[in-house]
Every structure is written in C-alpha cells, then in structure tokens.
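Handing you a structure now.
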Amino acid sequence: MKSFTGETKKPGVRDPDICVVTCAVTGVLANRRQNPGIPYTPAEIADECKRAYDAGASVVHIHARNDDGGPTFSPAVFARIKEEVRARCPIILNFSTGTILDDVTDQCTYVRESKPEIAALNMGTMNYAKYSPKRKQFDFDMVFPNTYSKIIKLLEVMNEVGVKPELECFDTGHTNGIAPLLDMGVLRPPLQFSFIMNVLGGIPGHVESLQLQTKIMPAGSEWEVIGISHGAWRMIAAALVLGGNIRCGLEDHLYLPNGEMATSNGPLVETAVRLVRDVGRRPATVEEAREILSLGAPR
Amino acid sequence: MKSFTGETKKPGVRDPDICVVTCAVTGVLANRRQNPGIPYTPAEIADECKRAYDAGASVVHIHARNDDGGPTFSPAVFARIKEEVRARCPIILNFSTGTILDDVTDQCTYVRESKPEIAALNMGTMNYAKYSPKRKQFDFDMVFPNTYSKIIKLLEVMNEVGVKPELECFDTGHTNGIAPLLDMGVLRPPLQFSFIMNVLGGIPGHVESLQLQTKIMPAGSEWEVIGISHGAWRMIAAALVLGGNIRCGLEDHLYLPNGEMATSNGPLVETAVRLVRDVGRRPATVEEAREILSLGAPR
Amino acid sequence: MKSFTGETKKPGVRDPDICVVTCAVTGVLANRRQNPGIPYTPAEIADECKRAYDAGASVVHIHARNDDGGPTFSPAVFARIKEEVRARCPIILNFSTGTILDDVTDQCTYVRESKPEIAALNMGTMNYAKYSPKRKQFDFDMVFPNTYSKIIKLLEVMNEVGVKPELECFDTGHTNGIAPLLDMGVLRPPLQFSFIMNVLGGIPGHVESLQLQTKIMPAGSEWEVIGISHGAWRMIAAALVLGGNIRCGLEDHLYLPNGEMATSNGPLVETAVRLVRDVGRRPATVEEAREILSLGAPR
Amino acid sequence: MKSFTGETKKPGVRDPDICVVTCAVTGVLANRRQNPGIPYTPAEIADECKRAYDAGASVVHIHARNDDGGPTFSPAVFARIKEEVRARCPIILNFSTGTILDDVTDQCTYVRESKPEIAALNMGTMNYAKYSPKRKQFDFDMVFPNTYSKIIKLLEVMNEVGVKPELECFDTGHTNGIAPLLDMGVLRPPLQFSFIMNVLGGIPGHVESLQLQTKIMPAGSEWEVIGISHGAWRMIAAALVLGGNIRCGLEDHLYLPNGEMATSNGPLVETAVRLVRDVGRRPATVEEAREILSLGAPR
C-alpha cells in the first residue's frame, strides 16, 4: 500500500500517513479582549480541550491561568485542569513548563503531582522582545533564559515521574544543543520535538527552516511544527508535506485561514484535520498518538 | 495586509495568495476500464471542464480522444472541444501538444486554428517506459524525444498566433535547457512553467525537487506543479506552500486523498480548492488567471 | 578522532575523510587544436594516466581514440590502452561505454575482453545539443538515447565479468530511474554514482543539484561529481564539502582554476588533490579506492 | 567572461569571484598553553596582523588582551593595537565588541576613539556553555545576553562615528531579528553579516545552515562564514562555493587542515587563500575589500 508520499509503506515502521494533531488551547499571551473565545478557568480550558478532541486532536497543550486570565503556575490549578479534562475526554495532556524566571520549583511540582503524559520544555535561550512598528520602539525587550541547569532540573523531574519531555526548539541551536543532555543520559531517545517558527529572535517561518531543523534532530525522532501568528497555516501545511506532526490552537494563531477570528479551538482543529486528510494523511487517534509518542498506558 | 506566508503584501506585486488552479480533465493514458468517469468525446470533455470550472478551476488542460477513447491529434476534434467548452463556461483553454513522434504538423495546425489561450509544450527528451514489478520486466521502453528543433517548430506557431506556451519540465535539465531558446528570442518572458513530478525517468516527487526547479527557472516566472500518480496530493500541497500554482485532474491522478477513486474531475478540483483555501490562499478567478498568466483578453 | 565535518569518526564506517580522485584523461569531444595536451594514442593516454597517478588520482576514466583523435570503440584499442597503463602504474581503470547509437556490441566486447575494474554507464536519455550564442543557432541538436534495454544489455555483461558499473546520471530522473533495475536484480548494491553537472539538457551546476542527487540515490552509495566546463572547480569543491568523491581531467574542463589552460592532466589532478587536502580530507590510495568502491582484488 | 560559478559576469555587479579574507588573529578564549603562537600584546597582535596581510588577508578581527593573555576592553589597549597595526600595514581593522555583560561603556568608548573601519556586533542572545564529555558535566553554563537595547547602544555609536557594524549571527533568529533595527533606521543597508557555525547553543556546521542564513539575510548583503573548531575548513570551503567571504585565524580554529597546530596566523591565511584560488576565485585586495564592504576611504 502506498503512503501519502507515493512510496510503499513498510511493515514495522511508523505509518507516515498518521499525523498527531495537538491543540494549544489557551497559552498566556492573548486575552479575551483580543479573542473572546480564549478559556481562562480550568472548566473553560477543559471545555476547549473537549472541542479539540471532538474535532480530531489527540493531544492538548495547556498553560494555566487565573480566573482573570493572568498566568499562574499553581500546582493546584494544574491539578484541577487535569481533573476537568479527564472528566470530559481521554485526550493526552501536555503541560507547559515555560517561565522567564530561572526558578522552576512550581513547574517541577505540578509535573511531579499532576503527571501529564507530556511536558513541554524550552531548549534554549534567546531574546524575548516585542517591537511596535507604529511607535518605532520595543514594547518589551528581555532575555528568555533557559540554561542547561534549568533544563536539567526539569528533565530530572520528568524522568523521575515518567513524563515525556517535548523539546521546544525556537532555533537550530536549541535542537543541536541537546547533544550534552543525551551524553549525560538525562535526555533519552526516542525524542519528541516541537519546532516553533516565526517568533522574533527565533527561526523564521520558511520551509527551509523545517528542513534544517529536521536534518539536525536525531534520526527517528518525532516532531511537530508550531507556526506562530500569520503564516501559521502555511507552516502546518509544510509540516504535513514533510511528514511531521502539527499543532494549532488559540495559543499559536487566533485566525482561520480565511482571516476570520476563530470563535474557539474547535474550528481551528477542524481546519487542521481537514488539511491532514486533504494531503492524504489521517489524524492519529489518542491510542495511536500514545504509541507514536511512546507514552505508555493511560494514567 | 499579511499574505499567507506571514509577510506584508506589496502593492504592484503579483498577490502571492492567489493560486491558479488547472484541471487536466482527461489525458490519454487512462481509460474507462480504470475509471468510468474519464471523458472521451468533445461533449463529455466539455462537461468535465464545466465541472472543473464550477469547482473553482480557471484553466483546463485538454488532450483529444476518439470516441473509443484512443488519442487523436485531429484539428477538427480540438476545434469541436473548444466549441463545446465555450458553450458551457469561460474557462481558459490549455491544449496539449505532446507527441512521441517528431512530426508536429497536426499539433501546429490545431494550435494555429483553435488558438487556445495556452498550449503545453514538452521541454526535453527522456526515457518513456513502464515497468511491471509483478512481471519483473518493462511493459514498454521507449524514448520520448523533444529536440530543440521540435520545440522551436511549436514555439514559432504559438508566437505567430499569440498562444502562450506552458513549459512542461519533467526534470531540471528541461528547465535549465531554455537558455538557448531565450537567447534566440523564440521564447519570451514572462514564462510559465509546469513541473511534472514522479514520472519514471523524470524528477521524483520530493519537496526539494520543486525547490530546485523553482531556483533554476528565471525569477518572476509563473509555475505550477503536476504531481503524477500516488503522492499527487502531497505535491499539490507542497506547491501551495512554496507559492506555486497547482494542477489536478483525472490525467494526473485518479484518486481522492482518502484513496477513493474520483467519479469525475469535480471532486478532484473541489479538494484542490479546499487545500488552496486551507493554507490561507484563494483560487484565481478566470479573469485573475488571465492577468497572472499574461494571456490578454478573451477570444 | 574528528572527521573533516567536525564529527567524531565511527569505527567500521567508511572514513568520510578519504576521497577517491578520478581523472578523465581524454574524453572524445575536445581535440589538440583546443588543447595540445590531449592524448590520442594508447601510449599517450597511458602517459597521462601515469601523470594522474603520480599526482594522486586512484582511478582513470578512459575513452579510446584513433591516432588522429577521432573516437573509436575498437576492443583492440581498449585492450592496448589497458596494457600500456598497466605497464606504467596500478591505477584503477574505468572505461567509458557511452555511445549515441543504440548498438552496444563493441562496448560489450571490450568490457568483456578488457575487464576494466569499472565501466561508466549512462543512465538515461536526454537531448544532446550544442548552441552557438554567436550564430544564434544550434551547432547540432540530437537525442542521446539510453533506454532501459540498452542499459540492461551493458549491465548484464558487466555482471557476467565482474566489472563495476559507474552510474552516470546527467539529471535527477536518471538517478531515480534505477528503481526497476534494482527490482530486476540486474543492478546490485553497493552502487557507485557519477553526477554530471552543467551539460545542456542536464542538471545545472548548483550546490542544490548535488544535494538533490545525493538525496535521491540509495543511502550508502558512493558518489562523485563531474563538473563540466566552467564552474567545474566550484562543483569539485562542493562535492568535497558534501562528502563526495571527485573527478577532474581534460575530458571535463581544460582549464586550471586561474583560467590558464592545463598542459596535461597532471596539474589538474594536483589542483584537485590540493583541494581535497585543504578541506581536511585526503586522497584515497589505489588500495583504499578498491575497498571504498567494492572492486575486489587487482586483476 | 565567466565567473567561478560558470555564469557570465555582469558589469556593474559585485564581482562574485572576489572573496574578502578576514583573519581573527587572537580571540580571548585560547591561550599560549594551547597554542604558543597566540599573540597577547599590541605589538604581538600587530605582528600577526602583518603576517595575515602578507598571506593575503584584507581584514583583521581583533580582541584585546592584557600582557598575561587575559581579556581587556581597555580603550587605551585598543588604541595601541591600532597604532601598532597601522605602523606595519594598511589592513582593514575589525574590533570585537562582544561581552557577556550588559554594560558596553568600554566598547562604546574604544569604537568611538579608535574608529576601526568595522566593529563586530553580536546580534542575539543564546546559551553560552561548555560541556566536558569526560566528566559528563558542564564546565560552565551561562547566558550570553545581547538584548536589543544593548545592540542599539553599540549601533548608535557606530553610526555616530562611521564604523561599519559586522552583524555576528550565531543562529537564524539573530539574522532574522534585524527587522526591527532596520525599521527603526538604526541599522542601514548595505549590511555585512558573519555567520558563526558550530558553537554549542548556536547553528551547527552544515552546508544547509549557510544556505538558510543567506536566504534569511536581506538580498544584496555581504556575508562571511566563521567556522569554529573542527569542521572549520569545511565551512570555509562551503562559503567559498556558495559565494561568501571567509574568515580564518587562531580565534576560530588552531589547526591546519592536516591536523597540525598552526604556528601563527600566517599559515592559516595561506591555506585559506589557496582554497580561494583553487575554487576559481581570488582574494580581495585591501582596496577591493573597502569597496565591497562599503567602508569609504582609509582613515
């Protein structure tokens, strides 16, 4: 049988046609003034996870928020989110661990306590800035530090409780920089990468960016694209063509391909899944995603 | 305003979001035993052109057939096809001129007489063979010759009657081989290329194949992908991502992305147009396609 | 120990630093009016092979000529060339089998009788033309046919007598077109490719051309670049950087990098070998080349 | 006349054959225990600049050191270095401005006072770490911060005194991150880039890395490669093939291509220049480099 690339499928090899679709339901940067559909509370977040699940996603990537929409790293809130999601659907949980601080105590705690199947892990340091073309100046201009010692702290907790790290790489040096972690044994194959495109200070949204990132990563790794802001749908299609998994959701881009604002994560996932099918692939079920991402049994 | 690549659109520059969708409605290789939807007669072909038009195509690429499905190069049949299509819709006509013979008298005649807006022109020589993996031998094994003198004969007629050549390139040497024709003045920019992928003896269906072909072609040229057989939908998505135009249709691939056989060209074009929209682009109207392809006024 | 790429060398894997340098000593297109150093007779050819050997080449690619410089496919002349070369040095012999005719009887005979270690084999059909920019017309305009049946005839003889085919690919379709031959078993890994760059009708001399050709070939194959005419030294350097073997010689390009005409193959090979060393690699000895190219013991 | 790529040279366009060779004579990381040839004092540094000049370099990149080899940012030392170099040869001066601190007061002072023709400018933030495979732990693990405000401070001084910034990019996000600076007008074309390869935390040394970096930079920019550590010669050859300028020197890599330690910068530049010539290019004179890099008249 032919795969979507036209080549004959090989038994015993990961089926290239299957695509793990992740939905990043909320993030922390955008708020309801920008898009009224953005969920804040655990129940709202869980409702969005259910919409993503119903539309064909098998993983949800989650940041926690206070009820007013501000970011929180409270382990209790993460626990509550897990509970609310689990009450609605068996979708795989991926919790963010990103923080601009060096201190990752809270992150370690909620990873250890909530044990999401996956925890996203920022793999390198970069500028974190926002420029206003209108005012010709920067709105903010900071460093987003992710030293090896910070990364190792998080990896050790993940290893301890059996949470799979998703290696979030904003540039090629983040991907290439895993070598010492592999050598130390704190990072263990098979690996799972997220290639974030189009963040100021990070790799730009070119097809060649994905080609270089996937060339650098160890052969046999799973990878997905995260296309931020405008150009997101093009990057999703590029990843589909190149054989990757994909991520969509209100954290990444607020708009549907036709330029209309998405009212919830549901239509975003529906569009992504339609793209998956229209290039000749199909979305992974939760069970298939568990196997593809080496996550073990549900818990 | 942002284009589908995330970059700001520039006034006066061809809108990168607009995609010319061509439908190759019949070809000459497949027959009704393989797919009952393949049109043979001028009326059947024209009905299929109308279905393609209704689904969002702005160009149809046409081979003529006898009523039993065999190929014909009869100028009268091409004239009849034009008449039947024109009676149904204003879609742009692209007539094949491909022949395994050196003699292109008939082709010159129907280009001169029917004056389709576009005529497809094979730009190089290659092997033309079909291998049977089952029987471990070749079904046929021939040369598909397209010498410069054959190409020049056809170009001179197209120049004479104002028919736009679509440069069909099966490999990089075909694209690169236009240099003498440009130098002689028999080929004149702006150029329009078709990059055919995945024919035995020609360039294989990789994203990198499209990247190299578009690097070789003169800057500012229009180009489309033609993905043959399995892998066709992936190649269409790749071209969409890379900013190209696309072609689909029963000549190129008989199946929808889910593996079901297409009952007509309509569903193939519908799928292609949905892909166009889902990456953040939109299909060209006939009027837009005329302008993008530099075809002049309808005739 | 680090290889020239900066990566650690792996035991049991072909040493990436070693580069097989081939010299194409004469060809058949250029003559002594163009370059007085071009050898014609078997003794002259063998003298050039010795100069190439002394300068660091481990393989010589040879066409036979009559004493007036015209091409010959006479088995007796090839036998004589072998004898003359063997009297001078143990360099590996690679005999051309290229012919614009379909009939390969002579080629089969001299491969069978002389049993060179390697025989070069053209892997596809293309236009074979020469354009004169001055006269704005073609000097000649032909088809260079290499159908599968012609290729198979030559391969069967090579298999019969244990001569290694060097797969000469002028474009990506030639490289990709080996699939049926592998499936039939007439072509057997490990394979050895030559990627010819910059012939009109073939792939142009871009770095990306080499990258695509090496992507298409089966993993684990050996490959060399053949850069024709101007741009040849750049293509040689590109192949060195990408890990390939290289070919130089009066057949491919008559000039040294500074634009001066080479007086013999010696200075061409000296320059190539200096490039090999200056990128951190080293030229293969004859013994190493035998092993790398899987040629077996001398005969 | 043909360029080294085989294409015809165009009048009025920067001659692609000319390559600006820069020598980074000392750096600050390596010391005389590692290589006795590393210069410390202004006179020693100037002697090395003269050796680089004599060997064919047209630019020297300089860090200042105390007499014991430790780093210094003393404006007086930079002034002294300039004086010593100018007493020996007219080579173009490129002063480093790199510092792990946020405070760039000293850097601004010596740029303003010494007015080197060029000042190197780090264009982004990244991890700065060194891993010991032997001890399976990090020797150090820090952030190398280069926020926009730090970059802008340095750019403003360079603009004020007419010093050309050389944009040192360790990853693609550094190259892509110039957009706000161009929009603010603090960075002004034509631009000059250095693409540093193979630093932990930065882009790895692949040919594709250079291809992506040069795709991202604004068209018409000048660029050079800086290949750090093993793999350096391969990266230099890659840049030569891709049309870039090159840098070598004891700051970047202590070894000649054959693995021997270089006794001074002279043999490193000699090797680089030989590579330049052997791919068919030639090293820029100081005057040509001034014009290519838009540096204006000597001062």
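Order of writing sets the chain letters: A, B, C and D. Residues in each chain are counted from 1.
In this text, a residue touches a chain if its C-beta (ideal position, glycine included) is under 8 Å from a C-beta of that chain, and two chains touch if they have at least 3 such contacts.
All figures in this text were calculated on a predicted structure; none of them were measured in a lab.
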Inset, instruction - Identify the chains adjacent to both chain A and chain B in the sense defined at the top. - result: none
Legend entry - Pair in A-D, C-D or B-C that repeats A-B, with over half of contact pairs matching by residue number: C-D
Inset, instruction - Take the average of all CA coordinates in chain B, do the same for chain D, and state the distance between these two points in whole angstrom. - result: 49
Legend entry - Distance from the mean Cα position of chain D to that of chain A, given in whole angstrom: 37
Legend entry - Averaged-CA centre spacing for the pair chain D and chain C, given as whole angstrom: 39
Inset, instruction - Return the residues of chain B touching two or more other chains; collapse runs of consecutive numbers into ranges. - result: 208, 211
Inset, instruction - Draw the chains as points, connect those that touch, then say whether the picture is a line, ring, star, complete or other. - result: ring
Legend entry - All touching chain pairs, where touch follows the definition stated at the start: A-B, A-D, B-C, C-D
Legend entry - Complex contact set, residues of chain A against chain B: 2, 4-7, 198, 205, 207-208, 211, 229-234, 237-238, 240-242, 257-259, 271, 274-275, 277-280
Legend entry - chain D-facing residues of chain A, complex: 124-127, 129, 131, 133, 136-138, 141-149, 170-174, 176-177, 179-180, 183-184, 199-204, 206, 208-209, 211-212, 215-216
